[in-house]
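The following blocks contain the structures, represented as structure tokens.
The two complexes that follow have subunit A in common; it is paired with subunit B in the first and with subunit C in the second.
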Partner chain A sequence: MEINELLIWARGPAFHWALAIFVFGMLLRLFEILSLGRKPDLSAARDSGVSGGLRTLFTRSLPRPAIFSREPLRILNGYIMHIGLFVVIFLYRPHIELFGGAWSGLPTGVVDAITAVTILSMFVALLMRFYSPVLRHISTSGDYLAWLITLLPLLTGYLAYNHLLLEYTQMLTYHILSVELLLVLAPFTKLTHLFSFVLSRWYQGYLAGRRGVES
Partner chain B sequence: MSKPSVEKGIQFIKAQIDAPVASFFSSCVHCGLCAEACLFYTETEDPKYTPINKVEPMRRIWEQEYTVLGKLKSALGLSKPIDEATFKEWETLVYDGCTLCGRCSVACPLGNDISGMIRKSREGFAAAGYAPPDLIGATQRAMEIGSPMGVKLPAVKAQIRHLEEDTGLKVTIDQQGAEYMVLLSSMEIMNFPEYLEAIARIMRQAGKTWTIASTAFEATNSGIQIGVSDLAKVIVSRIVDAAESLGVKTVISPECGHAYTAVRWEGPNLIGRPYKFEVKHILEILDEFTKAGLIKTEGMEEARLTYHDPCQIARKGGIVEQPRRLLNKVASNFVEMRDAGAMNWCCSGGGGVSANERAEGLKLKAFKRKKTQLDELQVDTLVTACANCRLTLEEGLEENGMDIPVVGLTEMVADHLVEEERGS
Partner chain C sequence: MSKDLKSMEQEHANRNSKTFAEHLEQNGISRRGFLKFCSSMTAALALPAGSADVMAKALAAARRPTVIWLSFQECTGCTESITRSYSPTIENLIFDFISLDYHHTLQVAAGQQAEEAKEHAMKESYGKYLLIVDGSIPTKDGGIYSTIAGRTNLDLLEEAAAGAAAVVAVGTCAAYGGLPMAKPDPTGAVPVSALVKDKPIMNIPGCPPIGLVMTGAIAHFLTFGRLPDMDELGRPKAFYGDSIHDRCYRRTFYDQGLFAKAFDDEGARKGWCLYELGCKGPTTHNACATLKWNDGVSFPIESGHPCLGCSEPNFWDAGSFYEALSVPQGRTGETILKAGAIGVGVGAAAAALNRSNKSAAVEGRETITVEDLKRES
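And then the complex of A and B:
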């Protein structure tokens, strides 16, 4: 297959299939969770579970000083990676055009720099996984797979934009294909947390809210 | 009950998995921050104590039973099985290496209630026959004798008699229609009789009627600690039956952390219906009484003192402000430890660990966290509101050659009551 044909395929049918698998997969994962249900809590509530749940959706995005002081680098790196991914995906103008979005985005040069920082943060995360005894103990092959499929779109996007390593069309094709790989596999890795974090924070916050405890 | 078996253990864990548990496992990104919240990890630096690792058997069961991908993996022979070896290896992690303090559940960025899942996992470990012998013994005593430490009613009556002789206070048993029913923990009966006297004096000044139930004086619930809901239900039912037949308005949970969790939060879910009475912790009652002007205190403790927040009362029970308001009424030199309040560190003996002789060495290692907190403060007195914390702290302090008396907050408040006679 010629690279142009591959590009057309990647942009067309492959993208639609990947997106469909992503949506279906994520819905399946959420269904797997929600279909288990939970028993109503019969203890007398001290405070509102709903407001606790809603509050916790936001509070768990903030660092907790007692934990931050023990692992500042890991937590800061986590922020850089997440914010970086958000900027790169949603504030890069060609992406916005693709989404048909109406927001303005950031200058491409800025996004380019942020991409480099995000890639760097991914490697810092990987090194931590290798060298921290706790992370090494709890890491699975799924963690490395999730890391790889997240890195590839970042890396190929960065290389394509900067015309590095391969000819632009070729690198762009690989970039799109790597995004598709990410879309297809994400629901079946820990990247489910992209959506399931809303549920886990909600459930924990609901419990905490009823008890009137901090969460 | 049928004999314990691995199959039963798996079934019991499976039965504990609900939507929240599934959301927690789906969300975990293996960031490892829960380890930094856990005193068993921070004090041993052994990564096996990472909280999320303690629920690995439960995670495998969830994946294999409740996810499409897991079923596919099982069909292809790619899943790690759960067998005798798994239960054996994890038993000490879920019982000896966890006090159910809940710090990891607060630390998790995804909101995963890891300690809640460890509590649920214990149901399976107990059903599989992999639980610490001492907890099994305590639970048996609770079922057969009525108290995990084997305390019987005559012991309570003897304590009441001493109290009545020494102080002239009156304590009733099974008084119909009393406003409050007071629960005790075995440890208070055995080791800290000061508690009952403090209650009697406080209630007299507040002018409240109260009683002790002959069939349900014991508040602790080893069924909860070992993780056998059937037995936990029997134990909590004694309290519910007694309180409802005596017609009390409020049951007062003693200075015992897990008893509060058992009777306040888990109890209604164990018996399958809401109570017809309220449950309050003694600190909530004291706070209410002082606010309403029912009890008045005088004089101040001048010693430099700090307050140890029992996990089940503060982080998991929401009683954080009350002890501080009370302490500020009776102590002039009250200082806070680092991480005080909802993020306080466990005493190292909660969740059944102090009752588990096998875990003694690990517990003393974990106590170093409390030692560090106390070393930073250099206090003369340590105040707390849980008999189990108190005993664990006393032992830890003694082991480390630290001469700091540990006092229960209720008795400290009682010591400062303005002694004016009121009709009782």
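And then the complex of A and C:
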């Protein structure tokens, strides 16, 4: 297939299939989690579960001093990676167009630099996983797959913008296809945390709230 | 053969014996002007500096090459672009110099005489003439959708290509099928390269292509006796090596994240990047941003309109001209709703199944007593 045809396919049918699988898969996973069902807690609540749940939704994004002092690099790297991904996906003007163009973005050069940092942070994350005996032991092929499919869109986007390795049209096409791969696989890997983090934080916070303990 | 045609042929033969240097002299172009042309042409073709001399020598001694121009499924825009003269330049003289023996839009002869002139030229310069094609070739139903003098384009191309030294496909239709090949492609249109396999082919795509690119290609052919270096899509690298985006004077606004969002907003008035208005500059390779149009006056982006990507294959099927390259084609909202509805349905069914499995397990649970555990099996 000639590259322009592949680009047309990537921007058309392939995108719609990928998006459909992503939406379908994510909803299926959320239903799966929600339908697990919990036994009713019959004990008298000491405090509000709702406020505990809401609080935890946000507090889990903040570092805990005790944990932070033990592994500052891992936590900092996690912040860099997640904030980097957010900036790259949602604050780059051509990407914003994808979401309807409703908000303003950052200068392209800034996004480019942040992309480079984010890519680096992903490799740091991989090395940390690899060099920590415990983490390496509990890592499955699913973890490495999730890492790879997150890295590919970042890498291809960076290479395309900077005209590296391949001609721009080709790299742009692979960039779009890599995003579609991410969309297709995200619901069936640990990347479900894209949405499920809300449920787990709420659940933990709610339980802790009812018991009147910190979460 | 009529008497008139004979005298025309005689005149033709006289002109053919003239070199390019003599032709320029006759048209009042100085040696200095000619050398200037050679320098700018070697620069445009990205040839080494020393090549200007080589080109000057070769061009000066060059004899009129026979050129046969076949127009198939096309709109004559390419001919318009290439023959449009803004001032009598040497570029134009190159066109005057070539012996354009057949071009059914431009030639004076018509009907039988025109076809005879072509046949004569083809026979006389068999194996040496340059064949220029504009327009795509319909192949469906035996190619009956476009015929000239009662013969299909398919047939005409096959015949003319057999005796050509090289074939130049001018315009996106001849190079990549263009508009006629766009969906639903009712005539089964194909580009020249799909049919001619045994001759060197150069594509000069664009809708229309820039005249100077054409001149450059002919100058190269006359100088070196072969076509210039080409990219994987058969385009001369010197003109199609860079993307419009990379050579665009508005590129700096792209880098700063400053975009026009409507054709009449502040950004448009300030000349900001047209990416969000659908500019296909990043994926389009052409010389518009450097050579420009109308004697270097302007090019589409400079006039405030996004690049349509007309020099790329399938540009007509690549979605809306006015949607950003990053925006997927088709109705995204509809896809989300449909997939969402299926997801909710299947998810609810899966949840119900889980629940019934769970309650069945609870109901079917056997009570185990301490005695059971103590029992030896």
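Just so it is clear, the second predicted complex is superposed on the first by the 215 of 215 C-alpha atoms of A that agree within 3 Å, B and C clash if a C-alpha of one lies under 4 Å from a C-alpha of the other, contacts with A are read in each partner's own complex, and residues count from 1 in each chain.
The definition used in the following text is that a residue touches a chain if its C-beta (ideal position, glycine included) is under 8 Å from a C-beta of that chain, and two chains touch if they have at least 3 such contacts.
This one's a predicted model, so the numbers in the text were calculated from it and none came from an experiment.
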First, second, both or neither for A:Leu98, with subunit B first and subunit C second: second
Partner chain(s) touched by A:Gly12 [first = subunit B, second = subunit C, both, neither]: second
Touching partner for A:Leu34 - first (subunit B), second (subunit C), both, neither: both
First, second, both or neither for A:Asn4, with subunit B first and subunit C second: second
Touching partner for A:Phe24 - first (subunit B), second (subunit C), both, neither: second
Which superposed partner A:Ser121 touches (first subunit B, second subunit C, both, neither): neither
Partner chain(s) touched by A:Ser61 [first = subunit B, second = subunit C, both, neither]: first
Touching partner for A:Thr156 - first (subunit B), second (subunit C), both, neither: neither
Residues of subunit A at both interfaces, subunit B in one complex, subunit C in the other: 28, 32, 34-37
Residues of subunit A that touch subunit C when the two form their complex: 2, 4-5, 7-8, 11-13, 15-16, 19-28, 30-32, 34-37, 93-95, 97-98, 101, 104-111, 163, 168-169, 172
Contacting residues of subunit A [partner subunit B, same complex]: 28-29, 32-39, 41-44, 46-47, 56, 60-61, 64, 66-67, 70-71, 74-75, 78, 132-140, 143, 188, 190, 192-193, 196-197, 199-205, 207, 211-215
Subunit A contact footprint on subunit C (complex, rising order): 243, 245-246, 254-257, 259, 261, 275-276, 282-283, 312-315, 317-319, 324-330, 332, 335-336, 338-340, 342-344, 346-348, 350-352, 354-355, 358
Complex contacts: residues of subunit B adjacent to subunit A: 17-24, 26-33, 35-37, 41-42, 45, 47-48, 50, 52-53, 66-69, 105-113, 116, 264-269, 272-275, 278-279, 314-318, 320, 339, 341-343
